[in-house]
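Same chain, two partners: chain A is paired with chain B first, then with chain C.
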Partner chain A sequence: MMNMNRRHFLKSTALAAAVAAAQQRANGNYENTELDAALASDGVKWDKAPCRFCGTGCHVRVGVKDNKVVAIQGEQLAEVNKGLLCVKGYHVGGILYGKDRLKEPMLRKNGKLEKITWDEAIEVIAKRVYDKPSEFAIYGSGQWTIPEGYAAQKFIKGGLSNNHIDPNARLCMASAVTGYLSTHGVDEPAGCYDDLDACDVMIMWGNNPAEMHPVLFSRVIDRRTKGEEVKLIDIGTRRTRTTEYSDEYLEFRPQSDLAIANGIAHLLIKNGTYDKEFVSKFCNFRKDTESPSLFGQASTFEEYSQLLEEYTPEHVEAISGVPADKIRMLGDLFGRRDIRITSLWCMGVNQHTRGTNMNRLLHGIHMLSGHFGKPGDAPTSLTGQPSACGTAREVGTLAHALPGGRIVAKDDHRADCEKLWNLPKGRINAKPGYHTMKMWEQFCTATDQGGDINTVWVQVTNPGHTLPHLKKHFQNKKNLKDKFLIVSEVYPTATTKLADLVLPAAMWVEKNGVFGNSERRTQQWFKMVDAPGNARDDCWMTIAVAHKLYEMGLEGMKDKNGNFIFNIVDESGSTVPVWEWKHYYDVNTDEQLYNEYREFTFMKHKDVAPYDELVKARGLRWPVVKKEDGKWHETPFRFMEFSDSYVEKGKGLQFYHSVTKDDKALIWFCPYEAATEEPDSEFPVWLCTGRVLEHWHTGSMTRRIPQLRNAMPHAYLEMNPEDAKEQGLSNGDIAIIETRRGKIELPVWLDGRGHPPRGSIFVPFFDENLLINELTLGDIDPISKEPDYKKCAAVVYKKGAPSPLSKSKG
Partner chain B sequence: MPERAKSNKATTIIVAIVFTISVSGFFMGMRQTVSETEQSEFNTSPHAEIDTQHYSAKPAVDYRDISQAGFGPNADFKSKLSSLKTTLNEQSHISPLLLTEESLRAKRVSRRAYDGAPPIVPHPIAQDNAASCLQCHSKATRIDNVVAPEISHPEYTSCTQCHVSGKGLGSRWNTAEFDLHTGNQFSGNHEAAPVERAYDNSPPTIPHTVHMRQNCMSCHGELGTSPIRTSHPERQSCTQCHVPSGQVDKANFEESPFPFVQELIP
Partner chain C sequence: MATLSRRDFFSRFIPKASEPEVTSKETAGPKVAIIQGRFCLAYQNSFCSVCKERCPESGAIVSERGIPRIIADKCTGCNICHNVCPAPTNAILMTSPPENHSGATPTDTQPAHPFF
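== the complex of A and B ==
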């Protein structure tokens, strides 16, 4: 009898599993394949995690032995990377084991950082907040896990009511956000990485994915080895590794990408090759207001065409230096209906004083030509951080935002949040806090001169290295004795150098986490090894400080009923004191915070998957919706009926958060405008900064990995050999670069990784010994407030030679 | 019928010949191994690099001085291809094929963060494109004592995505002046999973994943980098007899039940 039952059970479950698997394949959905937790015979235990580095969101398989990470594999079950990684990803395990890992909290006493206890550290922070809650700010990160960002968000906006929280993502994708918002009415891409498998043409706008998003780049070029034809067009300001694989290289004068996009739109209209049906069904037109604004003012097709009139191929050539024939080639490609075009961009378009406009124009040419809404036809912005989308954009850890696409300025959005957080009415401040650039400016301005940010708590980022014009935005803090800088970090950095309190943090698989990648994919992992010494989770730090303030009686840390705002419970529903470290891992705090946050995501149809589903999957793309079959389904293509269940039946394509409330997207006209600082007789060359394959952002992690550091030991100056010759510089010589903001010395590398045209130079920013951001410009996009790191005017001369500046002055 | 018998006979003869040749070849090969290993002490220290010669090479002339450099043939210059020494089938004084297993293992370890990590390139590379990698690595190449192993995953062509140079930027200012030691305490797993055999002399299973290692010969072939070389290079279809180990696979997929087998069990 028992045997019969068992047989029956096995049979039915097996059948169910087979049917489910078949259904999942048929629907193109994820398979809930769980990694077998069994120890392999060599004693290595494998578990899944997203890679710690960029926004691609590759999954790695982490091999753990004796409480240490000992090996990494590309996760073959992950759709994003299908088993492939880049050199950073393959060495990601090494980031945990640099010899100078921070292990103890340290407080600066008489100019020196000295070891203190966690209790003391938490008390110091709580006291700073308690004394001046309105002048306390958190500077966060696109590397925050979703629960970490959510906790900080709730602490500042729901607890301190000052809205002074902003992430470093402001420096990297704020213009992409404003681009999507002002086009679709809601943030984040409609397409996904599947577009890369389907496109016939891939256009990279000021983008070098061969180095910055190598796994995605390989996904495209590997199609060629399989016999498929893909045309790659590199529109850039210098030759890079990407150029080597491209069919076309269009070199433009910095800032003139605006003119190129307008040139394409001009040709589409002039030649009558724009998609008339698509435009009439799905698009409205917009232009900017006198002073730039997010939603601008209504325009018409006629006015749009008229404004584009001047952007003839010849006019565009005159502005950009790209031959008119190449502009025509682009115009012809967009005019074709038989091919699919994907545009990719990243920092070249976003870190731009007209970044919002450039984003709008790229969406615009795709809409106008109907290259939208089908797999392979997509304008897609890539992100540089593992959770810029997940934590910065979706959790809304920006100074003006609230979770789930809400903003502080809207009464109903604030009311929503107060209700979900069980806060008294009016707790959330309607006034946006300071955005990154303003926050640091205020922090670095003396209190008696109006610098009304008194304390900044930096989590999971390195502003002392990445902010532009570092002296103004960071280093001036040094002389302001009453200002207080708190830094949670894993290694000593340019930021901890000026920190008054350093908190040692757990990182990556030393803690639980959830990230959100560039294609709306939410990814979860579990803690696998212990953090070294007394390093602890950032999320715990936030909750511990909040609870200290609650004990001190700060009203903001109480909800409507007087209870602590972070209520983490056990199975029976009773509160677990997770603010005490020894209890933090008694329950899965991450899961509870994530599920609390999940409630916010439904309003804008960004429904993230339940935590339990994420555990099983290698990330799921929102909106993740439960269908009639009782299963959770992800959405690869948003707004498209064949994929997105929020689109009304029969609509085909529906921008259901349309700005104009008629399910239509906006096509913008934005003119070409000159850069805010262009080369002149004194500073005659363009300075561009960026990344390299081996190092991730400020290199605080990758520079501690021997294999990566040996491959790329330090920063360099890349310049055109002809320019170098004029200055008497040869390979390896030390050059001095000077801008209006400072100067540094760098070794020259000619014909190395990249090849800049005459009159321009490139310097990577990863090297903390050679801080190029002391020279970069602090000018920002008026809408997104994102600074431009790609263009400013500089002068280069050989070390030892007289400065051309003193000559011109003399 | 007679015809089949004839052909059977012919097959037997061919097999016998092949067998004899392979057996004698095997023993000859073993003899060579012994004699040549002694001569290859040069490279047996664990951290010896094959391209030690790079260090003694004259510094390259600055590109601006090339026109005045007065290049000409040196003592070793051979003007005819035919007069070049071919080393593949000759006994050369240092043969990487015949290094001891320990030195090969040490070299493998020194070039990988852990077993399964993409190896570091032990020579300077062209920094701006990957096409030059394939000049030597598309097929296994051996030039004197330097071996360029064959690419094991030819469908991936962006080589520098995963393989970076351990020789820095390859220019003269990068090595001496900077402290490249990071003090990282990451200790990678270099222990291979144990090989399984169903019974003595059965073909062993593959103790590692085969992802990105489709071309077994790039490591296990004559010019490969693995200490484990095939004993039967004439056989081309490796996975005909060797399958990935269940130990490795187990981490990949859950065992799925057989849906219909239960009905047959009484």
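== the complex of A and C ==
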């Protein structure tokens, strides 16, 4: 009966989510056998694809008729979501059909964007590169497909030798990367979503999965509905929808999460409840060097204990505001061996001027207490983008990285890449390129003042909306006549507003693709419909520009035999001219780029699955290894013998890429340090920014879906009713928020979705008309270079009331 | 100073910054809203609270453990919840007031069922 409901729900979803749009499978070489049965009599053809939005990585079934996506269902064969989707997922088909889709390349002439041909556009870009190859940068994203990111990576690092490529993931999970690297010696979570099915306690650190990873969170809530006991602990700076489901809510003063984690470690040692066997077998200790560094310096258990000495529950209470007995409660939980604890975190921990340290501390308390290495015992960071892991982290599209966990600073890693890419020795530059914040700062600085990034090509992201302190990092470009901004986009955005060249892009199922989600799961899909007008694949754009440069004789576009660096071939092995759009889909370019990339993944045991296996699966978690049975097996739990075939027999647990080369992980001591900008008498409240359930990031897709836009029409200011009263503000009144960087007017929403404590406000960032990032801080973590969007000092007052600042400033 | 009515505030969400709503409104009549559980996202544990957040009548939509329920007595039939419901099939049905005070039909009050 329940199942009938479910089925009914899904069925009606398929009908109701119908949006306009034609079926032309780009590469019909493969059959999704399992979906053949789903081919309906109404002529709708179904195929699988990962959802376009968040890092949860749900799979959807896409119904296509007459070259249009007409229906969406949750994919029941997918382990991640087992048929369920969140409100965004159910409407994902609609993102293709906004009225203002970009359909033609446009060049800015006399201040106006005017239609040009693709040939002209490719030439304009090639010329910018040719003139100043060392000042050309690509800014990409965790929404790049793996082949797209790989092509851009090869173009910049193997072709232009300047390493100026970075993804928006820098703004998002860079601190998670440095956290994993400095703990395990290799990036990405050891655990996976299965931990959520097995844990007894789930602790969410500055995390609101009920809104940001809803399908994942429902996995836990469903367990409760079934009568299982799972204790949820929300450690946050404001009450959210997640809090409503939590057994405990511990509210901390922003930035003091560091002290809470240290308080737990302090108690584990004080009470002797840390896992002595685990620690002696699997852990070494570390602390930071004088100036922060990725691997710090060696430490000892004794020194570690001593450094933690001051973090008594009372001291932690004084810093964080969390009552000492709650810190003891956490200490007791971690001290227990009979329960399994999963920690989840996302932007609250990562977008933090001590984000790397906070990541380290979370790994540390799990290691110290032995809550690691068993299903349900896991410290797991979540990602916000569908391929932040797949494309940013694994393909290594970061300014310092190379594919498969390699880095440009290492001679042997560069040599390795040069070999795999068949490039002359020394082609890859040993100097890391500019990370996101630096790249944009250099771009927005006049050339004669040292701004040595001349042209940026933005692909699949919206920095004019998301960069912190937008004036400094983006809007200042406006007055710099010699700088040139190229933007590949699907809709007009805050970024295209300043673009000199706009390239219309194909999106999601309008192209072939591969994503990698938060749990190391690589997911593949095929092109199902044509892109509108003259919109084309991002990957094609990169290859077309590269080939134009090859024709112009740019040495970097040749391998060591003088051949073009992107060699896509047909079955007979002869080159297919995929740089000509009419030939791009003659073969599966995606598959060939993916196969080339796959060779890079073995060194760090991140073996992604063969393409053909991905075609059949609903994603596979790497390392994917062929076993004696001749079949390919995924690895839900990394480093753990029962799951990971790279662990030596009998070891149980093995950190086989250990920093200390002894198969051990590192437990770090990192102190609590104050935020770089804290409230003061002038700017007395904390400003936190974030997302909402209905809109995905900058809303460029979701705000074009009527249902989602109606459900969440625009940004708002969330504040404590007491604070509002003091300012004479009530629901719907317009407030002015001011920081040292700018000011904005926003309507107040009291007792809405979130409930900030006194002295703290929250503003979602999805709204293009109300850009809160004009106010955010832009200070970065010294190791990961990730900026803090979660805290800065602000002042709020009612519109029409005199500015409190005018008094002090006169 | 222009104060907007509670109703304006919630139907347009927040004034000034609002853009026109994309769907057409149905005319409000002497009706009450009911939530059809089989279409409601919250009932599938897919987390939604839009109707409750936007209902201008305090207490007309209550929620327990994230599942919304309409209190027919308090509902004025203003239609806002129907207009803003983002479920793939609109989960809010505007119907004639029931004889007894139940906001939901019996089949709709089932608890969310386990999904995984």
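Everything below uses one rule, namely that the second predicted complex is superposed on the first by the 773 of 810 C-alpha atoms of A that agree within 3 Å, B and C clash if a C-alpha of one lies under 4 Å from a C-alpha of the other, contacts with A are read in each partner's own complex, and residues count from 1 in each chain.
Quick note on the criterion: a residue touches a chain if its C-beta (ideal position, glycine included) is under 8 Å from a C-beta of that chain, and two chains touch if they have at least 3 such contacts.
Remember, predicted model here, so these are calculated numbers, not experimental data.
Contacts of A:746 after superposition on the shared chain: chain C is touched, whereas chain B is not.
Looking at the shared chain after the overlay, A:239 reaches chain B, while chain C stays out of its contact range.
When both complexes are overlaid on chain A, the residue A:668 reaches neither chain B nor chain C.
When the two structures are aligned on the shared chain, A:219 is found in touch with chain C, with no touch to chain B. In the superposed model, A:421 makes contact with neither chain B nor chain C.
Legend: residue contacts after superposition of the two complexes on their common chain; A:622 is shown touching neither chain B nor chain C. Once the two complexes are laid over each other on the shared chain, residue contacts for A:525 go to neither chain B nor chain C. When the two structures are aligned on the shared chain, A:86 is found in touch with chain B and with chain C. Of the two partner chains placed around the shared chain by superposition, neither chain B nor chain C is touched by A:150.
Between chain B and chain C, it is B that contacts the larger number of residues in chain A.
In the superposition on chain A, chain A positions 13, 15, 17, 72, 83-87, 90-91, 210, 214-215, 217-218, 221-222, 225-226, 241, 244-245, 693-694, 706-714, 716, 731-732, 747, 749, 752-753 are in contact with chain B in one complex as well as with chain C in the other.
Those residues of chain B that touch chain A in the complex are listed here as 62-64, 113-118, 120, 127-131, 154-158, 160-169, 171-175, 178, 180-189, 191-194, 209, 211-212, 247-248, 250-254, 256-259, 262-263, 265. Remark: chain C residues 1, 3-4, 6, 8-9, 12-19, 21-23, 37-39, 41, 44-50, 53, 65-66, 83-89, 110-116 touch chain A in the complex. Residue ranges of chain A in contact with chain B, taken from their complex: 7, 10-11, 13-15, 17-18, 33-36, 38, 40-42, 44, 46, 61, 63, 65, 68-74, 76-77, 83-87, 90-91, 93-94, 96-100, 210, 214-215, 217-218, 221-222, 224-226, 239-241, 244-245, 693-694, 703-714, 716, 725, 730-732, 747, 749-755.
Residues 2, 5-6, 8-9, 12-13, 15-17, 72, 82-87, 90-91, 197, 210-211, 214-215, 217-219, 221-223, 225-226, 241, 244-245, 693-694, 706-716, 731-732, 734, 746-747, 749, 752-753, 767, 769-770, 800 of chain A are the ones touching chain C in the complex.
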